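In the two complexes that follow, subunit A is the common piece, with subunit B as its partner first and subunit C second.
What follows is the complex of A and B.
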């Protein structure tokens, strides 16, 4: 047992419990200060991820083949720490910290259950951590459910509001369906392979459990229809978290109905947890050529439909949260482009985009929170004249939306460039790149419609937004990340390229001539 | 980063900083936005001066910023690098000096002129953004960022010209300016694409290194495309129509945009890409002919204007024509002459515009010269500076305009060995235009400042402008003389001393292409002829204007001459009906086509879509799943009905959870079927 590797997880879980207990002892009039406790947890966990003890080589070379380093695994091989999980854990910490900073005002208005809110947010964070490190299907499932169940409660947190309850219920029902699909898929994989472990489990030098990576690498497990159906069902189940078609239907309703800070958290945390698991499963099965050959058209199809659904659906929206909901479906489509291409550059782009997406989307939601506090509305028309009322806020929203749309020089541009570019490496996926480009144009339209209202319309609500210090910090951090990431993207791009190399995806695209 | 590029970068980003600071602080502290603007521009100006003085040390330097390098795997085996850069050489330095000086003075002048304006803060903000984009355009070391700045500048000028947007005329003017220059941009964009296709790069140094990769036939079209973009921005026939209308903007804006910066961008583009353009003698002669025609046409229209700013507007169009005429010769000296005139023109024309602004300000927003007269005593500083600038533009000996115009004529006479007869004709026509320039400029001076007041009321209330405004006038008037000397010396090879360092790299650059003709002998010969010609036309024009407008005899003479030239006067005062022609032929035709396509769209396409839609609805009733696929398909087919498609998708978002569950399970099943089919294939 190598428990040191689990240090960030332990910090978050203990922190969540501590916040819950602290809440019990705090008198009612001092509960507002609890946010600082909650904020400390992801920050400490973030610091912990930089500990040298956690810096273990993820792969080692044995007889010329790169295999998983047992030193980097824990909990009998269920837990695995590599570059991808570290990057994502850091992203999750940043996301959770920013969301906690955003939620304080909302919670003091609610005036109830602060302790539960913070500890649920932290438990969801621990679930995301385990997702990033899951190394077998059981821990994958459990970790994912930790996230989802926490979110059921968080979404329905505003008990006085019918829409919030309804959103929570929808998430619950759709979540159960997706969990069922995923378990069904896991059952298929188990049936075909006889194992749920990604890696073989070695106890005292003796292999006690076989692992999918090894079975696939040695050819003991070959491609079969059952296996394919299983993996496809798992992807569909994970697609629920990432808001991919066909299990995306909950997204607009839940985004609109949930408390805005929760929507923000959902849109980055939960989504990225789904993506990191998609990458992990894809990485395991990319050991088998026929498997990748069959999965690629499937993922490409999902990506294309998701892109069109999200971006076309966003066009007629008049509610900003709903618009961001559809936009989040569209953004999922882009990330799927890179996953479908399944080669180093595509995966690097995927990781780049995922990281960029955290700050971009949170910045947009921070502005949404602030504006709705002043105007008491989420209608896009009520953003008219924001440029005159709150020029800085308007500029922040503009930058965030432009980055989401993929306009240089903001960070989103390079993400989109890498993702769409990765599809052009392969003759079979070139059409998908064109779909992506068409969708860039569609998406630009609805993002620009919001920006047009901000600057070119007379204001409807005279109320100016008051920006508390905490949200100023959120906006400052995310804006700095957006702009610096856009001007100097090299650092992140190098990092993600390195991780993609480590994941051992194909170095060249399938069916692509190296020109 | 070395000192030279560092200075250039500071110089570049100061106006941007100004725009940002004003955007942030302007709402709270509207009083200090002028100080921010003036202060940052002062820093920019200082940087430019240091760069200019130290040019010999800094030399030609470039600085590249690698945005990102990544392995994309599909373009080349090399990792793809995105680099942006700035380049500091003689041409850049010279223009930096011109732009920052004029921009600084305009910022200062506006403090007085725009005082009390409702949108004072907005004005300064856009002024900052405008200057930033102009500096970026000059400093770019590649055509891509040049084009981006080119377009940003278009936007900023749109906002500045439309400053008084509540006036219908100003609103129309800014739209016209934007759209007309966009027409030119089409050519420029195509030229950029062609350059990229042939040379695989948009970096200047790469393009110039790979010129032999451009086929001969394409050279002509690329040159013409670039010139088309230049003609749009620099107001050459037939795209000059936006500039006179753009006088609707505040006068300081006219001084900045229409004298020194934006209109200079086109000339700069041709100058920068000269190594490519000189490859095609046909393109060169076309540029020269269009420039010369524009010079003459605009000069004749300027005679008929009574609005002081309109005279200056047409004069600008005409002077830009001079620059293009020179650039169209395609020799070493022609290149220098064109850009030298750009610099000197910026000085005296900015002075004239600011002078007219001072007059307009002093006469309480009166622009009609027929109501002025005798203002010299009321506004002595304005009158003196205006006179100096008039002398400069007329080509009076030893003023800046004299040297540059002389050089243009000299270049024309020397020719380039290809179409020398054509250039001789152009020479004569341009000399005529120069004479007309002297005459109409002095007409405007005499009408405004000399003679008896024609409107006593205006005259009584006229006053001299405050120091913020007159400072700019004095500096620019000084420059209208001084700019001819040091620069002129520096431009002539073999001449020592002075600010030689500023412009000598131009000379070395210019030597890289062939000088046609027989070297010094021809050049000397041309020089003598050009000298006599420019002296004759300058004095001829000035004396003519003096006789016409300052003597009793002149009134009758004018009428006689007007009768003599017959309908020409009417044509000129109708601006040769180019605006009407454009309206009729281009705008009305496009509106017709727009309506036609809109009709096709609504009657045919929508009918088709509606038909498909209703058929689909009926089919869809049978199966919700089929509905999804077919309606979606039809909608995407319709293309421009994307919105409708979005609304339709919303219908699936009914909010009913049982529908969601059914939809999800059905589509999972559908996916499974489709996938198994694909896999089984």
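What follows is the complex of A and C.
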């Protein structure tokens, strides 16, 4: 039993419990200080991910073949630690810390249930951690449900607001539907293979259960219709979390109705948890050529439809949260480009973009929170004249939106460059790259419309936003990451390339071998 | 019968019969423990909860569900036909669904277990506390989240 590997998870769960209990002992007038406790948890967990004990080689070479290192797994193989899970856990920690910094003001206005809010946010974080490390379908499902159930409550947390309750209910209904689809898919895969494990389970040096990777590698499990249906259903279920078409319909309503900090958390945390599981499942089945052949067109189609839906849907929006909701569907499409291409460069781009997306989106939402506190609305028209009123805030939003649009020199540009570039390696997917490029232009239009309002229009609300220190910290961190990541993307790109190498996707694009 | 009853209470009582049938299926597969738990948990606890909720809602006869829209009837008919077609397809063309999974012996060899159906208390405990310990423990977090959520969303003053 290798419980040291679970240290960050244990810290987060214990921290969540501690915050909840601390809430009970605090007198009502001092509950505002609870945010510092909540903030400490992701920071300690982030520090814990850098411990040398967690730095275990994810793969070892046995008889010339690279296999999963049993030392890097815990709890009979259900928990797996590799470069991808570490990178994502750090990203989740940063996301949770920034969201906690943003939520403080919102919560003191709400004046109820602070302890519950913080502990739910932390439990959601623990669920995301387990998603990043899930190594069998059972853990995958339960970890994903921990995230989803926490978000049902967080989204509906503002009980006095009808839209918040409505958003929570919509998320609940769609979430249950997608969970059912995914479970059905898992049942199909189990029926075809007889195992739910990704890797074989080794107890005391003896193999006690076989895993999908090994069955596919040895050819005991071959391509079959039921396996394909199962994997597709699982991808559909995960597509709900990542807001991919066809389970995307909840996104604009929920983004609009949920409390803004929760929307920010939902747009990065829950989404990335879905993507990391997509990558994990795809990697397991990437050993089987026919499976990849059938999955690639499916994923490519989903990516293309998601891109068009998100970016075209964003065009007529007048509410900034709805706009960011549609834009988040569009961003999901870009990440799916890399996943669909399923070769090392595409996966590296996917991981790069996922990391970049955290800071970019959180920066945009931080500005939205500040502006809406001053103007009490989320209409894009109310951003008119922001450039004269709050030049720094306007600059931050501009940078965040330009990075989302993929304009150099910000970090989003390199992410999009890698993702779209990866599809051009393969003959079959070249059309998808073109779709991606067309969508960059569409997206640029609506992001620039917002920027135009900020700088070119007369102001409508004279109220100036007061920026508390906590949000200054959020904006400073994310701006620094956006610009430094944009000027020197090499550091992160090297890291993601190394991780993609470790994941053992195809080293070359499909259909591109002859070049 | 569960879906044809107009009165929700009768529906629930018929659902109990369905659950008993399911537990009989488990018993037939030598999974005694699951069969008994099925009766205790579903037919017992969950059904009592269902009945409570239905009685709290206090349905009047006028509020009972009526299926009198032709479109709904057509949809129901289509679903029924599809279901029968599915059963026929499975019974006649069974080869499609077993391809790739092999026969009993192959499944046993692949999963590394001795029996095809594992349903005794020992087997379940074995699976929960060794192979699937992580999801089992994680389920406790999930339940805690659900409890906190229920309290946070329903309590008037927090």
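Please note the rule applied: the second predicted complex is superposed on the first by the 512 of 515 C-alpha atoms of A that agree within 3 Å, B and C clash if a C-alpha of one lies under 4 Å from a C-alpha of the other, contacts with A are read in each partner's own complex, and residues count from 1 in each chain.
To be clear about the criterion, contacts are C-beta pairs under 8 Å (C-beta built on N, C-alpha and C of every residue); 3 or more make two chains touch, one makes a residue touch a chain.
Bear in mind that the values here come from a model prediction, so they are computed numbers and not experimental data.
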| item | value |
| --- | --- |
| Touched partner set for A:447, first subunit B, second subunit C, both or neither | neither |
| Which superposed partner A:413 touches (first subunit B, second subunit C, both, neither) | neither |
| Subunit B versus subunit C as contact partner of A:221, first or second or both or neither | second |
| First (subunit B), second (subunit C), both or neither touched by A:275 | neither |
| Touching partner for A:192 - first (subunit B), second (subunit C), both, neither | second |
| First (subunit B), second (subunit C), both or neither touched by A:315 | first |
| Partner chain in contact with A:159 - subunit B first, subunit C second, else both or neither | second |
| Contacts of A:92 with subunit B and subunit C, given as first, second, both or neither | neither |
| Common interface residues of subunit A - those touching subunit B in one complex and subunit C in the other | 225 |
| Footprint of subunit A on subunit B - complex, ascending | 23-24, 27, 66-77, 632, 635-636, 642-643, 645-647, 649-650, 652-653, 655, 657, 660-661, 663-665, 667-668, 670-672, 674-676, 678-679 |
| Residue ranges of subunit C touching subunit A (in the complex, touch as defined) | 96-97, 99-101, 107, 110-112, 130-135, 138-139, 141-142, 144-146, 148-149, 151-153, 157-158 |
| Of subunit A, residues touching subunit C in the complex | 13, 20, 74-76, 78-79, 112-113, 116-117, 119-120, 123, 126-127, 130, 136, 138-139, 141-143, 145-146, 149-150, 152-153, 156-157, 159, 168, 191-195, 197, 201, 203, 207-210, 215, 220-227 |
| In the complex with subunit B, residue positions of subunit A that touch it | 169-170, 173-174, 177, 181, 225, 228-229, 232-233, 236, 245-247, 249-250, 252-253, 294, 297-298, 301-302, 308-309, 312-317, 343-345, 348, 388, 391-392, 395, 414, 418, 421-422, 424-425, 442, 445, 487, 489-490, 493, 497, 508-509, 512, 514-515 |
